[in-house]
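These notes open a run of structures that come right after.
You will see chain A twice below: alongside chain B first, and alongside chain C after that.
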Partner chain A sequence: MTDVPLIEARGLHKTFPGGVHAVDGVDLRLRAGETLGLVGESGCGKSTMARLLLRLIEPDEGVLHFRGEDLRALGATRLRQMRRDMGIIFQDPFGSLNPRMTVSQLLAEPLVVHGIGNRAARAQRVAELLTLVGLLPEHAARYPHEFSGGQRQRIAIARALASRPALLVCDEPTSALDVSIQAQVLNLLGDLQHRLALGVLFVSHNLAAVRHLAPRVAVMYLGRVVEEAPREAIFSNPQHPYTQALISAVVDPGAPPRRRIVLRGEVPSPANPPSGCGFRTRCLRAQRRCAEEKPYLTEQGPRHLAACHFPGQYTMAELERAGTAPAHS
Partner chain B sequence: MTAPLLSVRDLSVTFGPVRVLEGLSFDLAQGEVLGVVGESGSGKSMTALAIMGLLPRGGRVVAGRAVLEGQEVTALPERDLQRLRGARMAMIFQEPMTSLNPVLTVGEQVAEVLRQHRGMNRRAAHAEAVKLLRLVEIPAAERRVDDYPHQLSGGQRQRAMIAIALACRPRLLIADEPTTALDATVQAGILDLLRGLQREFGMAVLLITHDLGVVADFADRVLVMYAGRVAETGPAAALFAHPQHPYTRALLAAIPRLTGPIAGLPSIPGVVPSPMDFPAGCRFAPRCPHAHLECTLAPPPLVPLPDGVAAACILHLERAS
Partner chain C sequence: MAVAKRVPGTWSRLLAHPSFRLGLVLFALVALCGLLAAWLAPYDPLRNNFRARLVAPGEAHWLGTDRFGRDILSRTLYGAQVSLRIGLAVAGVTALVGGAVGALAGFARRLDGPLMRFMDALMAFPAVLLAIALAAALGPSEVNAILALSIAYVPRTARVMRAGVMVVREFPFVEGAQAIGASSTRVLLRHVLPNALAPLVVQQTYVFALAVLAEAVLSFLGVGPPPPTPTLGGIISEGRDYIQEAPWISIVPGIGIALTVLGLNLMGDGLRDALDPRLRDAVR
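Let's look at the complex of A and B:
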């Protein structure tokens, strides 16, 4: 089988100055045309992970392959060539578009950098890209400030797709947008993913948005992936206690209330993580073994991995013993 | 029925020639939680600031009034407002880091309110500050009281803000996006805390947020705003079960969910209009699937509907007549 993954990371580590262990041994695989959702709360390392995968920041340790090629071993020239196949969009479409460039310049720049096409071909590609993301070719002459937040995010997406990448990394792409605009951008991303057979890493703190776009989901906590599974499994049968708490914290307006698991305490500092399992300080189920032994991802079901010594859904008795808040009506 | 704690009538706010809030009316009963939801530019934060007398420079209440416990707060001079703020009405904001003073300890900031409004001396205020931090469930409050804001986590800072706001047991708490900057699991804890305190003190809460989940979780009643006007209002359960305004319906449909089928999200075409060019007539009309010519002629009034719901939509007006 010629099943070389689009991107493959094994044992990726990144420590920032000050001893902040942002990514602490993460494995991720993304096949061509596949979408993986990466969820977690602030400080869990998901954005660092997104940047590591593109080598926008350098990993300290670990294996990183893009289409079977060792990304970490590449020199600057080859890396720049490879970047043609990778795109990234960020949360704030204002901050990531140069306000002094017209849309046309913004969209053509990646083409110029990679030496794609002549001037006429690039102009045609710009028009094509604008149509692709639901804008009009006439918009090419305008500046970013002339657009709304949602339209700016469309421009950022068009720019990321200019060089026809195989991989698109989206870091909280809808978090700064209004609800009605968020839906437009999520639909657009889903549509593009299908039409262009893009590999997408969708990084977000919004579980519902991730569920919407990603058939496979990985949950991060304190620099590690604690659970990874097909979306049906992760949302209907989460095995890691943290995933369960995270899901229980989301309120669907109009839906019957869920039982909420309120976590005690705070996320520990990544500069000084607890021994053993990173989640044990907040876990209702923590035992001595959790402090002594780091749990690794193990199979809980078909393609369902969780890093927990005592996986499985909380029982009613456990929740009651912990005195967690009952469901609200 | 007893008089409402807060009564807002036909409130309009302008910035120069721009009218950001128009003809807003609602009541808030003692001990009630009213969720004000809307997207950016809906005027929800301006509503809060107008009631508190904290409109940014250039903002003016040009019509209508807000009455708190019989006192017209929108007509009070700054001196009197200062006496009310913190004592009878208090406010918490989205970003506790920018609303807390970075060079004062948390305890000093809680104590400041107590000394100002309750005339406590330094020692008594400090002791009360510890009690308040305990009330908002900050662990090791007696030590944390001497911490500076940057030494606390985001969730703890918001708890400290709540402690300051509640120091004088206000009758009205205005919470402007109180959990928007927080993680989901931290948000759940803050909402539980607010709910507990609200019930314990019988305090009314005006909860301002863009997050319909937060409103569904916490509010008794909901006010949906769009482009400076009320689109729909009603009891939370009824409104979320059977939204009556096309905007409310579209907004609820556009949210990705944790359950149910996964398909394309029914998104709302276009963008929220800027206050510089609010359309004539119904302001949602340019984005509304049901809009027709008449919608663009005059703003639709709020039409009372069953279950205590009211919606500002011509469809209901036609149906009623």
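Let's look at the complex of A and C:
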């Protein structure tokens, strides 16, 4: 039981019509009660990855296991039953709640769908859930439009947790919220993750949020995971050049000022990715080998994986030479 | 209790809308005339009176009589009743059938092609011509008129419903409903349809108006409810031969049709504005 991961993906692929390789061979493992942060810039495929894991989008290729059960082999009915154990929170709390349902209908729906409890038990659970996310049981009769963005996201969290799932996928849960509200929602998520021993996949482009919540972090670039390591290692000793650029952009008031690595150019189109390493067009260290051979995740340290032919921190000399920017573009 | 909270929102917005108010007054006027025809009508609409043929509007007959001496006011009141009944039935039937077809076509991609191609085939004929042909084939009766008009107008409703469903299908809360394990049926009925009904409601006010108009055409051509049943179109048709000597025969029911259609269209415009999803958030 203990060594069966909550969710495990191997070699997951998804190509959208038009040849967009949104997710291009991703491996992910999440144990019960563990939190994994998935970061990357817009369009790197992290939201697609979140949906693939729950089979809200059908993967084209790859292995997908939930508690050892092959999710991709499940029929529609069984898959729906399995969803009782998975919850998802979406980015936009204004669009993710049906405007025609009251809060109590929204929160009770997962229970109704899975036939949990009778009417009275469900009403009690709704009140319990509202308290859990810091709202009041009196709010149950209201409609989503009567709430603020942060409160709606709390409702969305309560809805995702209603059926007591073991896995919670958070797809950019704070990026549509005001900064002052983001912290509240992050604290709530952190609190819930401990109290309910949830397995959480926290997808975000907000590194500070990921650092706050996730002891283990995976970095995605152009549909692939380029680095995966414990939080401390990612933030203090990133091995992949892309991760280094990403980390260097985080404003950290406590730390000594450091050199910002400014990436030149745009992310290549996922419809026509570069040969070999996807990052080579923007990398300071790109060599011939990077164009010829795709790098795979290899061990760089304890539980520290990076997909790079020339891993390791940029040296001062490299950065000087590049004027903190890639030498060639 | 909770539901009551949002209805006044929509209603107060509707009632504040000038053209909706005017439309409501006009339509209510016609509808009340039709509903209360039995009490309002001074004469039996079917009784002939050969001593009062083609009497001009005056004291005995406010709006005159036709060639059989039947009271035009009474016939128009009863005619409005029949016409509105047919219009309402057509709006209802097309809402149910067109709504179901459109919802399935918009929600289930596999059904979209076959269902909508069939609707396109129906739509290839001008609606009124199709209704005339169908009514003629079925034979003149009120039920057949409803059937013919419903078939003629169902594609429009289906299209509107399909478009609405296709828009709502992409909303994040639909994916959210799938994510909690809701069945497709539940997703469609609980999440997609309730949010896609607004355009249908608007469309049906227009279908209602079109059906009243088309029913008048059917009756005018003699394929509507058979005489002596008074219908607005039928009365106009009966007055055709006397348009020089007794123009009131045709003018009065004509005004009735105009008021009905105008009222319904104005209400439709008001509904469209009040239910416009782009305005919903602005109002909040």
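Here is the rule we go by: the second predicted complex is superposed on the first by the 317 of 329 C-alpha atoms of A that agree within 3 Å, B and C clash if a C-alpha of one lies under 4 Å from a C-alpha of the other, contacts with A are read in each partner's own complex, and residues count from 1 in each chain.
FYI, contacts are C-beta pairs under 8 Å (C-beta built on N, C-alpha and C of every residue); 3 or more make two chains touch, one makes a residue touch a chain.
Remember, it's a predicted structure, so these values are computed and weren't measured experimentally.
S.K.: Just to be sure I read the superposition right, which of the two partners does A:Q287 touch: chain B = first, chain C = second, or both, or neither?
M.R.: In the superposition, A:Q287 contacts neither chain B nor chain C.
S.K.: Looking at A:E109 after the superposition, I want to know if it touches chain B, chain C, both of them or none. Which is it: first, second, both, neither?
M.R.: Only chain C; A:E109 stays clear of chain B.
S.K.: Could you look at A:P99 and tell me whether it touches chain B, chain C, both or neither (first, second, both, neither)?
M.R.: The answer is second: A:P99 touches chain C but not chain B.
S.K.: Pick one for A:N187: touches chain B only (first), chain C only (second), both, or neither.
M.R.: first
S.K.: Is A:Q124 in contact with chain B, with chain C, with both, or with neither (first, second, both, neither)?
M.R.: A:Q124 sits against neither chain B nor chain C.
S.K.: Starting from the residues of chain A touching chain B, keep only those that also touch chain C in the other complex, and list them.
M.R.: none
S.K.: Contact residues on chain C for chain A in the complex?
M.R.: Residue list for chain C touching chain A: 1-2, 5-6, 171-173, 175-183, 186, 190-191, 194-195, 280-281, 284.
S.K.: Within their complex, state which residues of chain B touch chain A.
M.R.: My answer: residues 39-40, 139, 153-156, 183-189, 192, 195, 210, 212-217, 240-241, 250-252, 254-259, 262, 264-269, 271-272, 287.
S.K.: For chain A, which residues are in contact with chain C within the complex?
M.R.: Touching chain C: residues 51, 54, 56, 80-84, 86-88, 90, 92, 95-102, 109-110, 113-114, 141-143, 145, 156, 159-160, 162-163 of chain A.
S.K.: For a test of understanding, state which residues of chain A touch chain B in their complex under the given definition.
M.R.: 41-42, 148, 150-151, 178-184, 186-187, 190, 205-209, 211-212, 235, 245-255, 260, 262-263, 265-267, 325, 328
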